[in-house]
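Here come two complexes built around chain A, the first alongside chain B, the second alongside chain C.
Presenting the complex of A and B:
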């Protein structure tokens, strides 16, 4: 089976990631969303029934607000596909959380390729094109490959495309994870010689609790101005430890000597893998040209204006193997503005305020945190 | 860490060595309690009755502050007639709380119900009203009462106690003294040290909560002879008998059921989560679903929906999506209410937030297979003959209450098959002394 051709989607993906103003972005974006929605409507029977019950027809929607959305939690209960099952070559599973259920997302090669492309573009836009050495705050097996991969190792692997070399500094002993402090020290000292060539990557909780806090306690400091710190997932445990994003940034600057604007916090979720929202130099997140965010009131489900907090809905046409093009997350946030961030990137800017209590609250880093001795 | 405690109406925030402060509180409660033991039970009833009258006054600010907390229900429950019936039905004769009362059965014996001592009511979330009704039963039986609220609970209970403390019936024995034997404690659940102290001080532990919370509380250190009364997770449903929907006013039934579904956002054990209709006619089910949808919509005007949490919204939307894809669903535009219909014969599972499963069944008797002692209430709409047979059948399987629809969540005694006042008194019996005879035969 050859690749399907999505003309409008391809046109959208050829645009500058953050270069278009709203008036230029939305006509191209809506066309692509419409094209992909029609595809899911035709190819995924359960999705079609869902739309029909809601009297939604892809040919008659006018604004993104009208587009039906699926809750992210649905993907934990139902495997939805818009391609024949034999075209699914990889399943992505989210971290098994306190609900005990993980999302199952079926990817065909085309979607996987598209996701990687979008992901890479966003990452490179934020960290630059040069290949660098990665210090990964995880164990070496997370760098391996398999047909079913966890979201944690998938995230690590997907970032390594821009690495020249990857080092790890966490070891597993009797099922428990332990930071190899000597190895980390050696790696950081090596990085001090040419900080601009290094990226430290880890899950947020591990980075702070098992690295930064330990360095703070020991009084050790490094001079890594020019190096970048990338972290992702799992604020929940840090929230309970009263660590705010601002504190994480200032403590990282203090012990590692990195610059504030070089600390990048990635936000993303399994149900729309490939979409990643890094904080920009101003500390906020932007929607790229191939994504949009809407904030909805939890009770009325109506969309909310700028600066009002509600549940975050994300729309993107990049997934064609499953109808994950419009999903309502359990995360709360708000839109800050449109096309006006002083970092120069266009698009909506938004903040994620909190992830849901109880439900799919824990990111990979939180799960990993449980395994630490 | 700060804990909030209230003895009577006095709130205090304590920091530092909290466990010592809690121990001292127990001592102070005991002092206040000594006096109340000598009060006639009718005085306590009179105070609560007057409190009920004040509470029913719509000008009372509590209606404005807590608009959807079942205040009118609490008020009606606190009326003298209800309290007298509660004690008489639980203890045989309420005056056994004041003196030895002759038995009608053992003519040579008389019985008196003394307070068992300190009753700790553990309220793990759920319905705030229950904490108050649980407390009242402890007060009526002249016990010292400590209520452990969940850390996220509101101040409704404090407000209610404050209103009781303002009731004046005479020179002595007024509301103020009555609430001096009550303490309300709220602290973060991680403070096991405080839980240990409270549990060790209890003569009876009345535990309201889910199975997991109950297990945790029961595992706390306690006196050797502590009495545990557990009101744990229960579920409830509605059964509608064959042909009923043709013979009675369907709208009226739907309206009453909508009330049962909307009260307490289905957090009460007595809230229905499933409706079984005895029919093989699909259009009958659909037409009932549409009536119910209308009623749930219109009830929003008088019982506005509270804001659901993020994960509750997700659960509701997930079910709606699944039922739109594979079964049938009717729902509001927002997350206010949801009716789900499938071909399964099962209870729930409970979702809450006005989410109800509507299911067809060929014979209601088949529901007996689903019933365990975890089923608390069944709202019945059936002919007299069916009602007789079904209540006997379901009751034998474990159902604790049968009510009419529209009255499922009305708290009554027995609750969960238990007369609470019976469990928080200590009985003493004596022989009937006849002055004219020798006291030793």
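Presenting the complex of A and C:
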């Protein structure tokens, strides 16, 4: 079957990622969201039933606040689809959580390609359009192939599109993970010769607990000014270890000698795979032209004004194979401002401060942390 | 077959481990399951080496079919 043509979505995706002011972005954005919402309403029966129960009809919505949202728990166990099942060529499963239930996301080729393009554009905007060597804080099998992939290996593989080479430095022994300290030392010494050509990538918990903290303890230091550190996924365990994002940044600078603005913390979640929110040079996250964020009160679920903390809801029309276009997460955060960040990027700026208290531990870094010896 | 087409076919055939006869203008990640994100990077690196050129990550994103690859290399190797 040929690809569907989403005229308004295509128009949205052709806009500058962070170049539009709100008054220019929202007319184009809402048009595309409406187009895609209608598609899901027509093609995905469970989504339609969900909307009907909430008295929501795509033809009656006027503001993004009206758009019904699916909680992330709805993606667990059941594969929600807005395309025939035989068009799903890849399924992504989130990291297994403490309850053992992971989210299931079905991608057709069109959605997968669209997500990749959006992801790649955001990454390049943040780290620059150069091919670099990657030091991946993971094991080599995470770079493997397969039709059902874990979110963890999918994330790593997605990022390697801008690599010239990828090195790994974690080994698996008897089902447990272990950092190969000698190999990491060799790789970091190699990177010292031309730091600008290197990216160190890892899940947040692994980066801090198994690399930075160990280097702090050993007193080893490196001179890597110009190298970039990218990390993603799962702050819950670091919170319990009393490690704040600010501490992570200052400790990385101290032991690796990298510059503060070159440490990039990516936020994203499986239910909207392809959407990624890196911290900018000022340390905050921006919505690209194809996404929006709303903060909701955890009890009343009404939307909250700027600076007030609540649950984060993300809206994006980039998925057409499943109704992941409006998702209420269990992550807590707040909006800082709109179109006014001094880094120059437009869009809403926001901070993610943690997970709701009753939320399960999830996030690749946290789950992977359990596997360390 | 032009020299560029032949060399591009050679790179793709080697990276994706498929017979050269399976590669034509329309060949894309949709028709070749081996052409996934990692395969794509290996292919781009193979093309850079084969033609002694640089293909930036952004340029790499747009290489979605064999024809697009050949067009890109032709432009880059002009002169």
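The working rule: the second predicted complex is superposed on the first by the 368 of 373 C-alpha atoms of A that agree within 3 Å, B and C clash if a C-alpha of one lies under 4 Å from a C-alpha of the other, contacts with A are read in each partner's own complex, and residues count from 1 in each chain.
Just so it is clear, contacts are C-beta pairs under 8 Å (C-beta built on N, C-alpha and C of every residue); 3 or more make two chains touch, one makes a residue touch a chain.
Since we're looking at a predicted model, the values are computed, not measured.
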First (chain B), second (chain C), both or neither touched by A:124: second
Touching partner for A:34 - first (chain B), second (chain C), both, neither: neither
Chain B versus chain C as contact partner of A:298, first or second or both or neither: first
First (chain B), second (chain C), both or neither touched by A:253: neither
Which superposed partner A:77 touches (first chain B, second chain C, both, neither): first
Partner chain(s) touched by A:109 [first = chain B, second = chain C, both, neither]: second
Comparing the two partners chain B and chain C, which touches a greater set of residues in chain A: B
Partner chain in contact with A:158 - chain B first, chain C second, else both or neither: second
Overlap of chain C and chain B interfaces on chain A (superposed complexes): none
Complex contact set, residues of chain A against chain B: 46-47, 49-50, 53-54, 70-74, 77-78, 297-302, 311, 328, 330-332, 354-361
Contacting residues of chain C [partner chain A, same complex]: 29-30, 36-38, 40-41, 45, 54, 56-58, 60-61, 64
List of chain A residues in touch with chain C within their complex: 109, 113, 116-117, 120-121, 124, 129-131, 143, 145, 157-158, 160-164
Complex interface listing, chain B residues touching chain A: 305, 307-311, 313-315, 317-318, 321-322, 324-326, 329, 333-336
